[in-house]
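The data blocks that follow each hold one structure.
There are two complexes below, and they share chain A, which is joined by chain B in the first and by chain C in the second.
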Partner chain A sequence: MIEGIFTLFSYILRRIGMMFLILFGSSYLSYVLMAYSSDPLAAFGESTEKNKAFLIKQTIIQLQLDVPPPVRFFLWLRGVVSGLWGQLDLGVTRFGKQPVLEVMGAAIPVTFRLVIASTILAIFIGIIVGLLTAIRQYSRFDYSMTFVSFLLFSVPVFWFAVMLKIYLAVQFNDFLVDPTIPWYAIVITGLLVGFAISEMSGLTKLRYFVLLGVSAGIISGLLFLASASKWFINPTLGIVGVAALALSSGLVITQLSTGLRNRQSLIASMSTAAFVIACYYPFQALLAPSSNILAVVLMFVITIGAAILIGYSVQKIDRRINIRTAILTAIFATLPVVFDRFMQEFQGYYQSEAIHGRPIPTLGQSNDYLSEEQLNSFWISGLDAIMHLILPTIALTLISFAGYVRYSRASLLEVMNMDYIRTARAKGLNERTVIMRHALRNSMLPLTTILVNDFAGVIGGAIITETVFQWKGMGKIFKTALDTFDLNLFMGVFVLGAALTILANLVADLLFGVVDPRIRVRK
Partner chain B sequence: MKSRSLLRAFSVAATASLAATGFVVSSASAVVPAQSTVTILSESDITSLNSGTIDGNTAYNSTAAYPTGAGYSYYDNNTNLIMNTKFGKMSIAKNTPTLFQLKYTVTKGQTWSDGTPIDAVDLLLSHIVASDGYSKSAGLGDPASDVPEFNSASYGGAYGEHVIGLPALSADKYTLTVSYDQPMVDWQLLAPGPSPVHALTLLAEGTTASEARSLTVAQMTAAKDRFLADFTNKNTSDLKKMGAVWSTGYDLPNINSSTNPLLLVSNGGFIVSSKIDGQSLTLVKNTKYKSGPVFVKTTKPVNKIVFKVIDDNTAAVDALRNHELDLMYIFNPIASDKITLTALDGVTVKGNFGGGYSMLGLRVGSVPEAEDPYTGKFFGNGKKAKDLRHAFLLALPREQMVESKVKPVNSAATTMDTHFAFTGTSVYNAIVNNSGVSEYSEGTQAQRTAKALALVKKWYPSASDDNQVVTIKVAHANTSLRNGLAALIKNEEEKAGFNIVDYASSNLFADSDGGNDGVADNKDPQYDVTFHGFSLSAVTQGNATEIYKSDGGNNAWGYQSAKVDVWAEQLQADVMTDAQIAAKRLAIDKVVHDNYWGLPLYQNATLTAHSTSLQNVKPAPIGQNVVWNYWEWTF
Partner chain C sequence: MARMKSRKSMNTGSTNGVESVQVEGLSQSKIIRTKFFRHRVAVTALVILIFVILLSFTSSGIHLGTDTNPIHIQGWWPLYITDIDPDGALASICNGGISGCPTMDLLPSFIDGSPMQLGAHPIGSDDIGVDWWALVTRGAEQSLTVMVIVGVLGITIGTTIGAVAGFFGGIVDAVLMRLTDIFLVTPTLILGAIIGQKFGNLGVVPLAVMLGFFAWMGLARFVRTEFLTLREREFVDAARVAGSSNRRIIFKHILPNAIGIIIVSGTLLLSGAILIETALSFLGFGVKAPDVSLGLLISQNQASFLVAPWLFWWPGAFIIVIALCINFIGDGLRDAFDPRQLRTIPKVKKSGRARKSLV
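Up next is the complex of A and B:
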């Protein structure tokens, strides 16, 4: 045992040692290449300033251009090595002379904000769709999702972004002036969604068409109501909407985790949902306009706490499963309360001078015109952040979920053909248990590696996405560094990206050992 | 299908939830307030509120700074330098060959946005940041060899070279007299700009934001007196502290109500109110504004200006489409930009002349920086080289270049025939009618190309429009516009027997060695021809002379002429009458065309697009382009 830990420890140390070597080599190479390939003095080429000679001389002095790049690298490295005793200095940016560390410190959260929602959504949707297509292999649904995912996989983000901007921002904002939907659009949308739902259901014959008719009717009805009530400029869920979402998520979660036949589990889940609904009005007081993120956290703490109690008290056996189901229900039932709270701010936000009746922006991280009072309100600035996230999140999600669909589908299909699945079926387990407990978990193993590496790549910067949507994250500052020949900034982003990639590889290898007991470090 | 129940539950739940949301019905009315904010595109981040530092992103920083500061003059949309008498007046006080004095008066009754009166003491900072001698003698570093304490981009110019002594303040401190050791050309451009020196002094003394908010006018005026004492006594340690604030203190990533108000003091029509890093800079009306033209009276005023940073043209166009942007000015547009913008509803698009111009030069000799001498076909003043150069210029399809690449943006564009004046001015006509340039617009291009072929045939009898025998290498920037122009050149020159090797350089002005030795592509002796643009920030008497002077900073083609050198020196340094200026410029242009050195192509085009609701947008070629007349804007 001890020997095993020692082996692992020395393995990690060896990998970290390698990491520093690789980092040194790659930074030296990229520094020198970047320095030789760019020329900060080029900007003076078209200049007719009378003191051009002075400006050139000063630029040479200030950027130390008189030191050859292979040597200049070590001047830069000195600041990095100082990081070992806590005085990390990556230099200052060329324009504005901001410390590179500060610039990156401001950019990393921005990148996180941009990609976190879309990454989670992409993984979530990707795995669900992958799962469904694997279960319904070679069905119409499978073929159409394969087509859609390959289509999205190949769409360049800058083009996709422009389309989103035109249709979801410009035209949607225009639509809000008179938010009534024409009848034919209502019918067509209803039918399309109905078809999608029916295809997913795998039903046949009469049942298929019943489901199609019912779901198309409901969707069209909802759209009609939304159109007639101008819901789009005054969106709200209200207690009815929250209740419906809470109860239905409870149903879905129960079905997926234990099956609806497990009455105790269903009771736990439904009681939790009922608790959240009952708390709707008290929560409104908790989420007052002056409240902040702490109120939201407190609300989740309350509902999850209640869920644990409910799950614990429903039944003496299988408590763990009941508690788990209740907690998941609590989370998914409380989220609509948060959405509803944000929606309550929408009308005021929409009518404020800052928004000017055009709530969906095409670019930026936040609205430039919000007053400090608005910015200090958690709900208004939060709503603003959500509005700015809509387009980039849709773009990134649709483009990256395709990959997850393919991975999870292939992986699940492979697992489904394993002997142990046949054994599971043979011993009489129901299909839900076979898929959710035996197949899905094992099929997620290879995804771990992909996830960790994707995550590292994300910090390295979604250069194109950040440029198209003008978010000042890591990708954008990397582009700025290239555009302005800002060597310090370039190196800062590069070193962080390289270090994270190497670390992510290490973490992925170690994680794999954790999730898959078959993998062990060998001496 | 045993998982059917799973999906049934899912679909039932989903439809139930959707149905429920529909019950929530309420009505809302769309009330949208009237617009009073202009959002202007900034193609690059605004990195500093002080646009005078050398590390600043000068062009963008100064545009954003313009509405927050008013000085002695500004350029209008006809490239006229307009005197701003609301701020003050300037005049020549003494004009002798060895002593030239300029007098600057500040109009009384103006205040900074914090209430501190504006007087001539506020002009003195200009001396610190532009006089190399002052920086040296006050112990602030020699700008020629060190990084000075005031990291200013204004050293090394005519002011620093010729100013003598300290500027003299009048007793009432409203007049400043600056002395020079010789008469100064373009003296109107030497006017000092006002700076809130009391704020700088207080900041250098460490005044915090909360202290600054409770300062009285008397305390601020006292700070100004301390500045004057430090300035006069050259108090190195105090000045160094000010230098530190001046050089980096204004480089603020974010600005909000907690920002030290001393950093935001303004005497322009607007004052900075907030900034979001990498995203926007917001200005609001300065209620104490008296230093410049009066805002036009209107019921729909512009109360706020936002500079929005968008460094991607496509993104900017979509922002304009979505009314997130009201005004954009594109420095280097291409034809498709205009087509895209014109298609937008509610957007007015204006193609205009830009501040720069494009030219094509033939390499005639070696460039000092280049290690290898130029030995190509165009070298020297031999008959053959001159004939080939003449032929090349004759076959240069300038009209076609303008027609297909510039006119689609600016319909008023024409070919440019001299570098020394902008198209349409009287000086321009006087020069181009006599310099010999008219040869390149006589007859049709086909006739000129035929002439060119005849000249080539003199030396290469086998040359013809399908036998290109004279290989000429052309280098230019790798942009869509330049590549398009190069294709036109290649097409036409081949008809004159030239074999054009076209090189689109990504580093036209960059040497391959990180900016210290080596030679940039535009000076590389392997290329016989290069073409690119020059940008102008002011209209000066010595304008364009650096292209033709033997050691001129913009002479990339090895031009050498003793006569031109003398005239260029005179244009740069001697005060002359308009007639004298025109004569010297004409003389230089004659040498240029006698020796077939090159040709101007056109005045660059720029593109302005703005919401049609925004009135009185008048793009100007130089100066502050679209923001120069912000006081005239209305909705």
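Up next is the complex of A and C:
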């Protein structure tokens, strides 16, 4: 045991050493490449200012241009290494002579806000769709999803973003002027969604058509209600919507995690959902207009705490499973309450001066014309941020979703052919348990690798998205640095990106070793 | 012996002619070719890709050489990217006065009242009156050129490095793989942007060559892994005992066995290359004006996305069609090279036939 820990420890040390070596190599490469591809003094070539000589000299001193790039790198490196004892110095920018750290500090949260939502969504939807296509292998649903994911693989994100602007944002904003949906659109949408749902279900013959009819009816009905009540300019879930979402997510989670046959588990999740519904009005007081993010956190703490209590008290045996189901239900039942709260602000937001009746923006990360009062409200500024996130999130999600679908499908199919799956079936487990407990968990292992790669590619991916949507994040800084040949700024972004990549790879390796006992750390 | 043979032929003869041929030893390449051509989607993709390549190269013609000493061969499309036709563009107006609308009308006159026609600018023209078809086909030509050069260079370098690292192992492997890691850590887009800044002005070929030098890392890793497994196999030992040189073992014995992984990751590299080139040009680090590329066309007209959406459909459609075709071809190749597929396909057929014969 102790020996094992020691081996692991020395392995980590070795990996970290290698990590620094690679980081050193790649930053040296980029620094020298970048330094030789630009001439910071070129801007002075045509300058007619009187103090030209002085300015040139000042620039040379500030950017240490008297030292040749292969050596100057080490001067820059000294500043980075000082970061180890808390005096990180990445130099100054070329024009404003601002510290690079300051510039980057403002941009990092912007980029992460842009990327986190889309990454989580892409993983979530991608794995679900990948799972479904693997279970229904060679069905029409499988073939069409394969085609869609290949298509998304081939779509350049910048083109896709422009198309989203034209056909989603602009058209939806136009639609909001008179938010009634024509009857044929209601029927067609209902049928399409119903068709998709019945294809996913894998039912045949009569049941297929019953499901198609029922789901098409429900969707069309909802759309009709939304259209008639002008829901789109005055969206709300209300206690009815929250209750419906909470109960149905409770049902789905129970079905997936333990199966509806497990009465105790069902009781736990339904009581949790009921608790959230019962707390709907008290929560409205908690989430008052003057509240902030702490109120949301507190709300989640309350519901999750209640879920733990409920799961604990339902039954003496299998407590862990009941608690887990209840907690998941609590999370997914409380989310609609948050959505509902944001929706309540929508009408005021939509009608305010700053919005001009066009709530989905095509550019920018926030609305500059919001009043002081609106900016100070957590809910309005939050809604504004969400509105600005919609288009970039859809673009990024769809693009990376394709990868998750392909990989999770392939890896689940491979696992489903394993002997232990046959064993699980042979001992009489139902298909749900086989898939959710035996197959899915094992098939998720290889996915950690692409997850980590995706995370590491954040900055590379952000460059294009931030350019198209004009966000001021890391991508924007990086583009500025390249456009203006700003070496220090460039290296700042670069080092952050490279360090993220390497760190992510290290974490992935270690996680793999922990999660999968087959992968032994080499001696 | 003779009896055995006749029994075998009787057996196979009684089942299926095609399968017996497969059993009796086709060459590896023939099996793969047959399997690939059985993959309908991949073959369709191949046909479409060839069509797109021919279309874009023939319609804009060949334009090589330097500024002072150009070589121009005019394609079949009458207009080139340097021909400005403001009158023709103005003649076609839609959306309340936006000039340069597509003149193509695919609906016959009894549906929309106007006759079917192509017109002077079938897919429109840009704001100064340059024909959009000429620009898009020229852009596709450039993007395809970049793709091919990056692909060839990337595959060559990647295979070489991967093969050397995997075959020799030890210190050579360690050094080469750390080198690969260093390049891998540096995001392609970032490297490409530096390169584009420096070489984008010189035209597409130098840009493509430089990009090719930084596109081999993924392939090198795959090839190395393949070589690591293959060099432990018995046939390599046999070759070594027979006195083959390292060179001969690499080229004659291991490389043909690793060709599957090279081709498959090579196609991925190609579809990645076209997306990287368009992304770089979009950001302004790739192909520079006055030359055109598909990404540059989209980038230049970003501001007019509301009034002239046709400026986006066509360059985007070309990128998507090219990348999609390559991805599908890659998928078909992967299936064709996958030995597990060989065993499963006849099995399915056999069981189907067996079931039928039972009924």
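Basically, the second predicted complex is superposed on the first by the 492 of 523 C-alpha atoms of A that agree within 3 Å, B and C clash if a C-alpha of one lies under 4 Å from a C-alpha of the other, contacts with A are read in each partner's own complex, and residues count from 1 in each chain.
One rule holds in what follows: a contact is a pair of C-beta atoms (placed from the backbone, for glycine too) under 8 Å apart; a residue touches a chain by one contact, two chains touch by 3 or more.
This structure is a prediction, so every number in the text was calculated from the model and none was measured.
Shared-chain residue A:Leu23: touches chain C; no touch with chain B. Once chain A of one complex is fitted onto chain A of the other, the partner contacts of A:Gly130 are absent, as it touches neither chain B nor chain C.
By the touch criterion defined above, A:Val170 reaches both chain B and chain C.
In the superposed model, A:Gly497 lies in contact with chain C only, and not with chain B.
In the overlay built on the shared chain, the residue A:Gly311 is in contact with neither chain B nor chain C. Of the two partner chains, neither chain B nor chain C is touched by A:Gly91. Put simply, more of the residues of chain A are touched by B, taking chain B and chain C as the two choices.
Once chain A of one complex is fitted onto chain A of the other, the partner contacts of A:Leu33 are limited to chain C, with no touch recorded for chain B.
Shared-chain residue A:Val162: touches chain B and chain C both. Once the two complexes are overlaid on the shared chain, A:Leu151 sits against chain C while remaining clear of chain B. Residues 37-38, 158, 162, 165-166, 170, 467-468, 479, 483 of chain A lie at the contact with chain B in one complex and at the contact with chain C in the other. The part of chain A that touches chain B in the complex is made up of residues 35-55, 57-63, 65-66, 68-69, 93-98, 102-103, 106, 135, 158, 162, 165-166, 169-170, 173, 176-177, 197, 200-203, 211, 214-215, 218-219, 221-222, 225-226, 228-231, 233-234, 236-238, 240-241, 243-245, 247-249, 251-252, 255-256, 260, 347, 350-351, 353, 356-358, 360-366, 368-369, 372, 430-432, 435, 467-470, 472, 476, 479-480, 483. Chain C contributes residues 178-179, 181-183, 185-191, 193-194, 197-198, 271, 275, 278-279, 282-285, 295, 298-299, 302, 305-306, 309, 312, 315-316, 319-320, 322-324, 327-328, 331 to its touches with chain A in the complex. Chain A meets chain C in the complex at residues 18, 21-23, 25-26, 29-30, 33-34, 37-38, 150-151, 153-159, 162-163, 165-166, 170, 457, 459-460, 463-464, 467-468, 478-479, 482-483, 485, 494, 497-498, 501-502.
Per the touch definition, chain B reaches chain A in the complex via residues 1-28, 30-33, 35, 37, 39, 45, 47-48, 54-57, 143-147, 151, 153-158, 248, 251, 253, 256-257, 274, 276-280, 282, 304, 306, 308-312, 314-315, 318-319, 321-324, 356, 507-516, 520, 522, 532-537, 540, 542-544, 546, 553-554.
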